[in-house]
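Please read the structure below before turning to the comments.
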Amino acid sequence: MTQTQNAPARVNARLGYNNYGKAEVNLMKVKRDTERHEIRELQVRVAMTGDFAAAHEQGDNTDLIATDTVRNTIYGLAKEGFNGSPEEFGKELVAHFVKTGPRVTGGFMEFTEYLWERIQVGGQGHDHSFVRQMPQRTGRVESEDGQTFKVTSGIENLYVLKTTESGWANYLLNERFTTLPETHERLMASYVTAKWEYNEGEVDYDAVWGRVYRQIQETFTDHYSPSLQNTLFLMGQAVLTMCPEISRIYFRMPNKHHLQYNLQRFGLENNLEIFHVDPEPYGLMEGWVERA
Amino acid sequence: MTQTQNAPARVNARLGYNNYGKAEVNLMKVKRDTERHEIRELQVRVAMTGDFAAAHEQGDNTDLIATDTVRNTIYGLAKEGFNGSPEEFGKELVAHFVKTGPRVTGGFMEFTEYLWERIQVGGQGHDHSFVRQMPQRTGRVESEDGQTFKVTSGIENLYVLKTTESGWANYLLNERFTTLPETHERLMASYVTAKWEYNEGEVDYDAVWGRVYRQIQETFTDHYSPSLQNTLFLMGQAVLTMCPEISRIYFRMPNKHHLQYNLQRFGLENNLEIFHVDPEPYGLMEGWVERA
Amino acid sequence: MTQTQNAPARVNARLGYNNYGKAEVNLMKVKRDTERHEIRELQVRVAMTGDFAAAHEQGDNTDLIATDTVRNTIYGLAKEGFNGSPEEFGKELVAHFVKTGPRVTGGFMEFTEYLWERIQVGGQGHDHSFVRQMPQRTGRVESEDGQTFKVTSGIENLYVLKTTESGWANYLLNERFTTLPETHERLMASYVTAKWEYNEGEVDYDAVWGRVYRQIQETFTDHYSPSLQNTLFLMGQAVLTMCPEISRIYFRMPNKHHLQYNLQRFGLENNLEIFHVDPEPYGLMEGWVERA
Amino acid sequence: MTQTQNAPARVNARLGYNNYGKAEVNLMKVKRDTERHEIRELQVRVAMTGDFAAAHEQGDNTDLIATDTVRNTIYGLAKEGFNGSPEEFGKELVAHFVKTGPRVTGGFMEFTEYLWERIQVGGQGHDHSFVRQMPQRTGRVESEDGQTFKVTSGIENLYVLKTTESGWANYLLNERFTTLPETHERLMASYVTAKWEYNEGEVDYDAVWGRVYRQIQETFTDHYSPSLQNTLFLMGQAVLTMCPEISRIYFRMPNKHHLQYNLQRFGLENNLEIFHVDPEPYGLMEGWVERA
């Protein structure tokens, strides 16, 4: 605990933006009031902001909420509170910590929801047996005062692919490092991440999520794509059209390249049949689509 | 490249079991002879066995097939050859390398198939747009002579959960380290891995896979489970009943624990509603179910 | 490509913030001008910003740089250009794309550097043989004009643990959901992520990184820690003291909980000897430390 | 719980090879009897074999050890028992379950040990502060009777690379799918997995592990490698030479390809300087080296 003798005197330093809380709290809630059970599974992170300078600078923990308490609270409030969407539950959580923590003034709750469908038996969804789905629902609820909230919702792990109706042409060709030939026929695939913000007013977050999830897939199918960028924009425009609740939407779309394997060397044709699914590198597009 | 002076004389050593080949070859094949395209995506490993002692012991590569050639061959043969199941493609690959490699006498092909479904538009599956599914199909084709094959097929990433109709009781209770109370009502969940072997004769591997995939889920729903072991056995028995082609089936079933969170400390009841989804440790059961 | 008949008219939409480029470009450069070779391995992402509205909104790719070209350029410029730090290489890359792309006005380059040490033979580092290390160096170089740059450098995968000299006490105790007892003796562990910004002026990025990397570890050892927050602050202060080039530093520090396993139930004492290393949930602290 | 009416009668089935137990039990033991603390961290799996047919076939759990008890036992026995190597601890665990479980006749314990080094302060390893290392130690202890044991030890996550002194030539060249040119100068890299078995007699497992770990690296540096296969063999032979306790050793060595990037297209030379580090596919070699 002694300091090295020749160490320089410590500079004056101060705490900048900071937060703390609990991450990767894995919660499942089962609604079992009828024989047809319902389940929701969330991975939750809660972080609090406020006046935590004493803890950082002087090691004074007075009035701090323990992160273990954050965990207990998430499970505790889920019992009576998590009856609607994860976004509404997030509002309740952040409001609770602002009310409870003497030093807490705001914070955020982030979640990933793992989606389950009923197992099909004889063409019917089973009452109490479920199977995990691939796409994930995400969201973030943030507040500076514990009373007004900024909500963002999203989608992850949505992997889509089309085998025709896409190309890439007319780009900058006469350039030293450009060797890629133009094409009007290729495979196009992306591992879509989306997130969106809301206009003011009441929102049925569960209903909106379902609409966005279906619309993104539908728009992906419905046009010749001259670039992933154009498809990104059209998907955003379609979502804004179908969901008046949404103010703007962001996409992160890697271009998962499927490279036609060179079979000519072996005397074989390859008419867009045999592809190397290249894990890296990938083109990566990010963009927001907003109401004009 | 000089050896350390005082190093002991090298012992006599010889090569034991060995193989080599190419792993993680990512292949997509698109069938586009009608407007309704079909796709199959495999991650393939091919390994060859044979007389490779000279390469290992003397550094003599004569007559060895390069692993780069293995890759080229997988893509090359996929063009005309991969028209049915991945298992049949595996037979073709292994047979090819035995025929081609002067030193190759056998080998195996392993695959993971990533599953895609058509995107739904207006209640119809789209002609050329697809969305990735979570479960994966696996398989392994092995041969010692390039002519007769041992085939194993399997399922991975099948995550199932039931909210009632399972328990764990009547086990060894009076034991120093046993603290778990018995229960007749709990959540049960597992991330099922299955693999199975076949009886002799023709097999429609694609059709069998679909039947096993549905049967595992159905049996999971249809009984009160006194243990994951019993459910494992009943799933195996049901598969053997529905699939006469299968000789025996193996399951690896982690017991993904959902622990009722202790809410009593906060004055709240928890009637199997609020759970901590515990990532570790998990009970792990492995077992083969065979025809009696 | 026809639109569904009853679909509502598309709303007016416009492109907001966006960028595109290439991600996960894996580059190794070998310096072999003497017998003592040197290697550097980077995973690079380059993203360009500028006027890309036509591509998104009208599908007009005119004057766009292909992401394949971005990849070629990274490898191409590395040949003559990547002779110093990855941060300097990043500046060169971003400047290049602003100069080259008619529509490009700015962009950023992000990297993860994988670190290699020479294999020890007879107490000496070998001339041309290396072994990968666990910690990773990160960085980001951003520019709005291709001429002035904002540089951030960082550390990932630095996992530290101390078996004494830490505690957690004096926090908010009389609260409904608080059950954790205070402690003045525990294990403390964190998987440290750091990143820092620079003051104006010349910087030797490689030298600074080494100093930060050592200082974080040293400060971790040198005090009784009443909280991870206090340790975070002290580490930041020490870095600012040792590195006048740095203007402020951020830490993301999960509290990797090591829970004393309850052995009393089996008639055994546990004096901070036997721990469950809990993968989740974890306390998570984020904070900036700045010059006062 | 009713069976579908038209379902076929269930076939007779029986249980084949099976086991069960607990996996991913994360244990840290701290030795704090002097001021210079010592730590060991294991991820443990224990599986029991025996007569478990009643549980599987009839749902009769009588005399079964709960997997929760397996977890408790691992932590409980670690308190007094885990004073030497993980392998010796594994023997104790398996013997315990055979003694304790009325139906248990054998089993195995597998571990991954995460390695920590002391943080360096002023050139000295610190008394109680540690930093995680990249390589991992593995092992498996198996017994059919709880009294005699088969022990396997291993290494994972050892990533080595050399920038010269390796090539690949003289292989089968005149073959339809072979396009790779020969080379006598390339980068060679592998992510080495090793495991080895022991001769009868007392073994100091910790000491042997250290010797193997160093020898693999040293041999990797000390010869011109005409193939990864030859290097695999030489490493095995060197280990057998330095470790008379070891009867045979297995390696799994992916050939992590570093592809010279084609810079000629841009008018640049590339004399083994600029490489694409290709994540897939990779050549994969497996082999045992045994005493002749």
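Letters A, B, C and D mark the chains in the order given here, with residues in each chain numbered from 1 onward.
Everything below uses one rule, namely that contacts are C-beta pairs under 8 Å (C-beta built on N, C-alpha and C of every residue); 3 or more make two chains touch, one makes a residue touch a chain.
Keep in mind it's a predicted model, so treat the numbers as computed, not measured.
Considering the contact criterion stated above, the chains in touch with subunit A and with subunit C alike are B, D.
Ranking every chain by how far its Cα centroid lies from the centroid of subunit C, the top place goes to B. More contacting C-beta pairs link the chains of C-D than the other of the two pairs A-D and C-D. Mean C-alpha position of subunit B lies 20 Å from that of subunit D. Between subunit A and subunit D the centroid-to-centroid distance comes to 35 Å (mean Cα coordinates, whole Å). The geometric centre of subunit C is 29 Å away from that of subunit D, both derived from CA atoms.
Across the assembly, subunit B contributes 26, 72, 76, 165, 176-177, 179, 222, 265-266, 279-280 as residues in contact with two or more other chains.
Chain contact topology: the protein chains form a complete graph, every chain touching every other one. Contact residues of subunit B toward subunit C in the complex are 4, 122, 176-177, 179, 265-266, 279-280. Subunit A meets subunit B in the complex at residues 26-32, 37, 39, 41, 72, 75-76, 78-80, 116, 119-121, 126, 128-134, 158-165, 187, 214, 217-218, 220-222, 258, 261, 263, 265-266, 268-279.
Contact residues on subunit A toward subunit C in their complex (touch as defined above): 1-3, 7-26, 45, 47, 52, 55-69, 71-73, 76, 100-102, 165, 168-172, 175-180, 222-227, 229-230, 232-233, 236-238, 240-242, 248, 254-255, 279-292.
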